[in-house]
Each structure stands twice: as C-alpha cells, then as structure tokens.
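Dropping the structure in here first, questions after.
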Amino acid sequence: MNFIDRFKGIVPPVATPYHADGSVDTLSLKRLIRHLLDGGVHGLFLLGSTSECVLLDAKDRGRVLETALAEVNGKVPVVAGVMDAATDVCLNHARLAKSLGVDGLVVTAPYYTRTNQAETIDHFRYMHGEIGLPVVAYDIPVCVNIKLLRDTVHNLAREGLICALKDSSGDEGGFRMLIHDFKDKPHFRLFTGSEIVADTAILSGASGCVPGLANVDPHAYVRLYDAAARGDAVAARREQERLIDLFQMVFWSGSELSPGAAGVGSFKVALKHKGIFEHGHMRRPNRPIPDTVQARIKEHLMSLGLS
Amino acid sequence: MNFIDRFKGIVPPVATPYHADGSVDTLSLKRLIRHLLDGGVHGLFLLGSTSECVLLDAKDRGRVLETALAEVNGKVPVVAGVMDAATDVCLNHARLAKSLGVDGLVVTAPYYTRTNQAETIDHFRYMHGEIGLPVVAYDIPVCVNIKLLRDTVHNLAREGLICALKDSSGDEGGFRMLIHDFKDKPHFRLFTGSEIVADTAILSGASGCVPGLANVDPHAYVRLYDAAARGDAVAARREQERLIDLFQMVFWSGSELSPGAAGVGSFKVALKHKGIFEHGHMRRPNRPIPDTVQARIKEHLMSLGLS
Amino acid sequence: MNFIDRFKGIVPPVATPYHADGSVDTLSLKRLIRHLLDGGVHGLFLLGSTSECVLLDAKDRGRVLETALAEVNGKVPVVAGVMDAATDVCLNHARLAKSLGVDGLVVTAPYYTRTNQAETIDHFRYMHGEIGLPVVAYDIPVCVNIKLLRDTVHNLAREGLICALKDSSGDEGGFRMLIHDFKDKPHFRLFTGSEIVADTAILSGASGCVPGLANVDPHAYVRLYDAAARGDAVAARREQERLIDLFQMVFWSGSELSPGAAGVGSFKVALKHKGIFEHGHMRRPNRPIPDTVQARIKEHLMSLGLS
Amino acid sequence: MNFIDRFKGIVPPVATPYHADGSVDTLSLKRLIRHLLDGGVHGLFLLGSTSECVLLDAKDRGRVLETALAEVNGKVPVVAGVMDAATDVCLNHARLAKSLGVDGLVVTAPYYTRTNQAETIDHFRYMHGEIGLPVVAYDIPVCVNIKLLRDTVHNLAREGLICALKDSSGDEGGFRMLIHDFKDKPHFRLFTGSEIVADTAILSGASGCVPGLANVDPHAYVRLYDAAARGDAVAARREQERLIDLFQMVFWSGSELSPGAAGVGSFKVALKHKGIFEHGHMRRPNRPIPDTVQARIKEHLMSLGLS
C-alpha cells in the first residue's frame, strides 16, 4: 500500500523530551513512540511545532528522526517537518530526513522573510522538485505570519506539489470550504491541527487530525477517529468532550507563558506525570510550566483516569 | 574611545552579494564595504534583514563576517545580527561573531515560537549573560511577529541587557516616545531603521539611522546625518527628499515580489548597476527583480547622478 | 412557553428589500417573511448585519420592525439588532424595538470608539438594565473591531446580562470551547453565524444557526437543523454540502465588492430571481452585484432547483 | 481669501463638554472655543473623534456646530466631521453642517460595513457630488478598520474629491511619503493627527496638525507650528518635548480604560482643572478617568505651568 493510502487518521505531532541538560532524551522519545503506537495512531508527524522543531539544530533533528524511525520500524507512515526560514536550509533538512527514511515531508511557508503567496508557491516547487518525497503543506500563520490562501492550496494541489494539508490556521470555516472543494479528490488528504474540533472535522470529510494533545492520550483520539469515520457523531462527540476537558490545562499558566509554550509545555508535563518523559521542560526561551500548574496537571490526569 | 561612544550616525545594514551559483561573493562584498567606508558611514550592521541573514547558514554567516571585518579593519564599529528562532542557535551565532571580532550584537525577539514579552526579555537575558558583548535590540515585528513594547525596551535597558535599539517597527510615534523617554540617557542609542524619516528622527534626538538604502548611496545619508546633527533641518530635508526619490524603486516590482524582497532586491540591482556587485539576485525563495524593473532602476540611478 | 424555550433552531437574519429609489420595500419584506415562515424557520433576527442595519436610519428601522412583526404575528420569536457606535443611541433603538413588540435584542460591542472588554461589559449592563428585554450578544469582530473574549462571555452570562450568543467571529474553535463551557447550562443559547459549518455546530451542541443564506433557502437550513438535532450527521452533512455549493456565489464578485457586500448582495439578487424581492441592490456605499454575476446566480439557482 | 488658502496650521479637534446629566454644555463649549482662539489656532475641527462624535445624535451635533460657529464668527476656518457608518446618514450630517455654515467637511471611510478601497472612493464621490463643500479625508483605521491606501489618496485627490488629508493612521512613514508625493501641489493640505510628531511633520512639509491635546494647550501648539513653519527645528522640538511631557497623562489610566477613552478623557479632565469645562466625563460606554488619575492630572498641569 503506498504512502497516501495509509496517510490518514490520527497523526500526532511528536513532542521532544530532553535530559536535564537540554540534550535530546532518546530513551524517553522511544517510550513516547511506543505509547503512541500502542494507542493505535495511524501515523506520526516528527519535527512539527509541538516538537519545538525550530529550537532543534540539524544534529538534534537527525537524532530525533533516527530514534523515532527505528522505533516505528515501518509500522505506520512517518512524515517529518523541515521548518526553516530559508528554502535552501529547508532543502538540507529535507535531504537529511529523506536519507533517514521518512515517508513524506511537512513544509510551511518560509518565515521572517515576509514571503507572499507566489513566492510561497515557488518554495513548495523547489521542495517538491529537488527532494521527490510526498509533501504535506502546513498552514500555521500564527508561527509563519502568512496564511496559505484557498487559491494557493488549489494551485499547489493542481500542480502536484503537495498531497495533503495540515490546517492549523484556526480558520475552521476556510478548512471546511477546502474539504468541500476537494470532495471529489479523496486522495488529497486534509488534516486539522486542532485538538478540539477533530470530531466535526472528520465528520465533515477531513482525512484525519494532527493533535498535539494526542501525545498525552492517543487512545482517545483513535477512538474519536474510529467513531467519526464510521459516522457515529454521538460517540465521537463524547470522546471529543472528554479531550476538551483534558485540554483545559493549556490555559492554566496564564499570561506568564506564551500560548504555544503553555500548550506544548503542558503536554510534556503530562507525559512526565505519566512516566513517559523523564523531564517536562522545553528549550529556551520557553519558560517551564509553573510548579503549581504542574501539580494541578497531575491531579487533572488522575481525575480523568490518565495516570 | 569605547564602543558606545562611537556607535551613532549612519550604520548601513550591509547587503550580501552572491555569485551566479548563489554562494557568497566575497570580492563584491569587499567592494561594498569600501564603498560604504568611502561614503563616510559611522558603523556597519552585518547580517541584518537586508543581508538576507536568515537565508544564510552558519558557514555563510562566518564568511560574511570575516570578509567584512577584514576590510573594515577597525575603522568603524561593526555590529552583527544573530537572528534565529531559537535562543541556543542565536547563542551559537553570537559566539561565532564574537570570536571573529565584532563590536556588538543585534538581537531580535525569537520568532516562529510565538514568544511573549516576558519570554523575549528572558531571551535577551541569555544573550547578554552568556556572550558579554554590547547588545542592540532590533524591533522588527513584520519579520518576527512581535513588537518590543515600550515597557519591554525600558525593562531591557534598566537591567543593562541592551545598549541600543534599532526601530524598524513602522511605529514612528512610539519611537519618538522612546527618544523622549531616554533623553536624559544619551548613551542609550536609538536608531531608526526607516529610510524615509531619517532626517526627522535625528532632528528629534535619535542617535542615527540604519538605512538599507545607504548601500546604494551612503554619501547622501552621511550628508543627511551631518546636517540633522548640527540642526540644519532644511539641508537634512533636502537630502532626505532626494533619498525618498531614490527609494521609489522599491515599489516598482508590484505584487509579484513581497515588499521585503522588492526592497532588498532593488538595492542589490542598483549595486550591480553601480559596478559594486557582480550579480543582483537574492537567495530563494525570493524572486529576482523583473528585467523591466532592473532597466528602470538603471535609468533611475543615472537620472539621480548615481552611476 | 417563554422566549428562551422557543429561541433555538434556524433564526435567519432577515435581508432588507428596497424600492428602486432606495426606500424600504415593505411588500417585498412581507413576501420574504412569509417565505421564511413557510420554510419552517424557528425565529427571526431583524436588523442584523445582513439587513444592512447600519445603513438604515431610525425611521427605516421602525418600518422594518413594524412590517415584519405584523407579518410574523407571534408565530416565531423575533429578536432585533440595535447596532450603533454609542450606548445611548443603542438604547434609543432598543426602546423603539421594545415598544414595537420584539421578543429580544441583539447587541454588539460598541464600534468606532475602540472600546475594551470592560467597557463592552458596561455597555451590555446598560442595555440590560435600562430595557429589560432578553439580550443576545453578537460577536462580530470584522464589523466592530473587537472580539468578545471567552472570559467576557462568561462574565456577561454570569451576571445575567445576556441569555444567548451569536458567534460570527470566525473562531470556530473558540465557539466550540464555549459550547463545552456551557454544556451544563442548556438555557444559555449558542448560535453560530456561519453558513457553512451549521451542521457541525449543531452536532457539537450549539442551539442553532443564524445564516444569512437562509434568506435564499430556509427549507434546507431547517432540514439541516432537524437532521443535526436528531443526531443524523450524514443527512445534516448532505444538506450542508448542498448549501456550501449554493454559497459559492458570494465569491463571484471578485475584489470589486467587499466581502460583506458581495455576500448580502448575492443573497438579495437570489431573492430577486426567486420573485421575492422586487430589486436586489444594497444601499450606498455598497455597489451592486455585477450584471454577469447576477446572470450566473440565476443559473446557479436553477441548477440547484431553487427557482 | 478662500478656504484652502486659510486651511493650515493648528486645527484642534474640539472636545465636547457635557452637563452632569450628559447633555451638551454650550457655555463650557463657548469657553473652550474662546480658549482655542485666544491660543491663536488657525482653524477648528468640530465633531471629530475627540468630540466623541459617534456618541452624539443629530440634534447634539447640530447644537455643537451652532454654538461653536457662533462663537468663532468667521475668525478661522471651521471644518466638521460627518462620521457615520452609512453614506446616506453621512450625507444628512453634511447637509446639516453645510446649512449651519461650516467651511468644509471631514469624511472617514464608512465603518462596520467592511468597505474596501473602491467602495470607499465611491463614498467620497457621493459626499463631494451631493454636498459641494471642500472635503478633508480622515484616515483613522483604529476607528474605521480600513486604511486609506497611498493609491486611494492619490485617486481621491486626482479626481478632485478631497482637498486635504488628516492622517491619524499611525503610519508616519506612509504620511511622509504622501508629503513627498504632493510636494508640487502645495494646495493639497496634509495634516498629521499625531500629538507627538507635530514638529517633524511640519518640518517635513506637512500643512499642519490636528492635535487633540491642543484643547489643553493651544498656545504651545501654535508656538510649535510657528517655529516649525519658519524652519526653526530647535524651537519646534523644545515645544514638542514639553507637549510630549504633557501628553503622558493619557497613559495613566492603565488598562481600565480603552486608549481612546483614556486620551479624550484626560484632555477633558485637564479642561475641567483649567476652569474651562464644568465636568470632565465622557458619554457611555466610556468610563470616567479614575479619581486618582484626575488628581495626578491636576498636579501635572501645575508642574507644567498650565493651571
């Protein structure tokens, strides 16, 4: 079965564990991969925003890919982010990822450079032309400061430069429109990046979800996907609502942490409480989750039967 | 005379020339440095946005610094940008820059990571604490998606983490307020990054200007600075208006290029027409300035007596 | 049965027909009301954005309310928008609406005035305290330039100042979070204002939808609501997809018209083609839908069995 | 001398005093007009944002115009804002203003309606065509949520629809560009709306300034203008810096008030302390300046020799 046939369902963006000194903790990473595979996830997204990808240098990125790919061992498709501000650096990341055996790449618009839609399409053209792996477009304007417009997604798909989209734009209406636009092209995969509308995205025809929160509870997302994929809206919603409860921890750090750090940081603290990660901190400049919030997350997991 | 005493006036952000194959063209870079020094500039800002810094890997950045520093040979103070999304990568850039002999660092807020004001201050604290070179804060929200708020600049200055600010925020009113705030601290240097309000910034009390357009006509910016610094508003305005005329070329590429690419690209094409650069292109994903615009820039330079 | 028990389901924001000279066309308005009631809608929202409310003076607003209320004659609950930049003018609109017999008010944040969250809560406090009708908060930041934050909605509800929310913010994730927050308070009504995610909003627990497009095809939205309310996700999605097809006409006017004018203008042209409105134009400064687009809308309606 | 010859210099946007019950206080308004004329201002802008124009109904607007025009009695040119969301309501305001004898109108883009650039030009075309008074375009995107783009200003001027621009966009670079663009058309008047860069705007070639703070200290702004207009940058800056000191009071209300309310509210409190206004409050939903800030403003005025 080729890549795109297998590439759907729950594809968690894998978090990156560190030792106390900040170096990548490969043992914890292997435990996380096993936890996710045990949860029944359908694929893995390595080096996404949840991995703190832009805080990892080329060597760290290689270590994460090698460790995770060895542990996955072909059981599910694996895609890898190649985030960088520059086309040529993205290409270097992509060559490394390809050489290590990933099944596809995840590519955002360039950032810092204030690239427009046309230049962004060029960027995807270079990635496609020079690497030759399937490419997932990743729409995440809060990070890269540009939205992939509806026309741009169509142009990229029409030209064969991308085979899928991960939508983390927050524009769920626009995402629904894309699902509608591509309804006669079921092999173009549309994933939502939202943790909290996964049920309705899949009920509407999305191919799957890339939820950071699935690091913490992959089983629930897989149950949600299975329910939604068979059209059981009630069961899917029940899972979704429990996951929205779980998700509330990302709001507890208040204004001290930025939203991204509060989100990923909470997931990592939960993984520590679950015994999967040795440590729960992020790389600089992200601050650690406050101790009081860490304690509250521990109780939260227990109250939801997750530790 | 120590760094901060010398660090004022016209400090161009130096553009990066490439060979046809995209590698750094050190001969052209030396010509540009000599051109700028001949123009009388008071300092140089290497590896700024105008240099396409985020399109340069660590090796390229090192080559630019080495080449430029050798050519400058201590004649003027040199600061170097260390732009990256991650604190630890910025620190690596900073260590390299320090080892090569720059006089100070230019640091933006982290990007991609959606860092807030508090985390941004932490980032500056790490840079200051671990490198020990003077730091210029660089406020460029169009690139990094966060504004350095007035309070943040005050906190950074009060804690001694920065000695200067380069304001490319487009918020000239906010910049005027900062000039006012720091009027009793003349050793805190405030530079505008705007090409087109340099005269009034300096007349208002700014320490100087970091204009990308000074790559093309450093002499005029130095004349402008000298006039404004001695309070001759009429002469300063005359120079400024001629420079605004020159600047119009950045609008000629229309919507095909993003504003940043159209700006830097125009400067590089002008440097090619002036015989300073071998080639005028930028790195990917930036498109080249259209041929018709390149021709128009050539005429523009002639009509303004610049080639 | 009291207001809030009845206030759910499909509540179209009623469009305003004009004579050729721009005055309100009460005969066409009555036809539209009958069309909507025949379609089975569960309530009506008069003087919303779709009505071009801010282009109607107090006299016109009164005429719309009188005409519509007489035609409805108590068959369904009727709420009225009281949009204005100023609290005191909103209060005047509200007193008129109350005297004419509406069942509830729809209130946005003040606009033009750059009001913050606290001042916006004050505004709702004045509306509630001085009028004494049920109030629906209307979150429409594209028009009023401020988002009703999650905390603000909670504060308004906790204080009893509002009984419902219409969400036209485009932030479907935030809306889902509110549905979750209020899941134990079923009498707090949550309506989406989006035409294209009505099915999933209702499947997720929303009370209903306020779709401008329901002016054109109320029957389909009522079928969608009935399907979603009984948990039939497949049937609801089928209706939704047909409505998304219908909705495409709003994109056909290109950049000549602003998105709001293109949307409401398309609905009015469709109502003209359906024989409900005499004329399809909007008030100034909104331009008419281009003739070619008007013709295309006519074919579109026929192809979808709607004329 | 015709209108445009006289229309330059300091043109304060006149604040609106109220009695305790919120009705317009015409006696205080007359005192303010005399205070401004005594200060030597070159014109008056009635019913601008500083007047809380959108919080005034048609009757109040008429009262303000009548009272002020009687007091001015032709001594300086008077322009009147006609702000409203709708073209036709703006036209009504304009007809009233014309009938009462204003010299020109001040027109913003429509708001709430999400009007684009083309529709905004249409709006100005209607205002120009149906009223026949000189029109000043008022660029204030924080209130109306659309920026008048450089091309739009050129189109409006070229077509003769406007004779002047008041720029409150905060985009001082863009304003400088417009000054440059119009340097050969000295009768097209360009005013900055910024209190804190008036000196440099005028030194750069602007026709004048429309500073809300001039309600409090018109003499200083007139001195600033005179200095800048004769090219005395040092004297202009000295006045500007003292006015920036005075302006700090707008920041003292913290996050409790929105920036607009904190600004206008501070000016009104200062006018009360100066004995010009009976009361210093604003209309709802704007909150009053906190008592502690009111006391601090009193001391501030004394320390600056203003009461």
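Read from first to last, the chains carry the letters A, B, C and D; within each, the first residue is number 1.
In this section, contacts are C-beta pairs under 8 Å (C-beta built on N, C-alpha and C of every residue); 3 or more make two chains touch, one makes a residue touch a chain.
This one's a predicted model, so the numbers in the text were calculated from it and none came from an experiment.
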* Set of chains whose contacts include both subunit C and subunit A -> none
* To do: Please indicate which chain is farthest from subunit A, where distance is taken between mean Cα coordinates of the chains.
  => D
* Structure fact -> subunit B to subunit D, mean C-alpha position gap in Å, rounds to 36
* Roughly how many whole angstrom separate the Cα centroids of subunit A and subunit D? -> 50
* To do: Enumerate the residues of subunit D that touch no fewer than two other chains.
  => none
* Asked: Each pair of chains that touch: what are they?
  -> A-B, A-C, B-D, C-D
* Asked: Where on subunit C is subunit D touching in the complex?
  -> 22, 49, 54-57, 83, 85-89, 92, 110-116, 118-120, 122-123, 126, 142-145, 255-261, 283-287
* **Residue numbers on subunit D that touch subunit B, as the complex places them** => 170-173, 176-177, 180, 183, 194, 196-197, 199-201, 203-205, 231, 233-234, 237, 240-241, 244-245
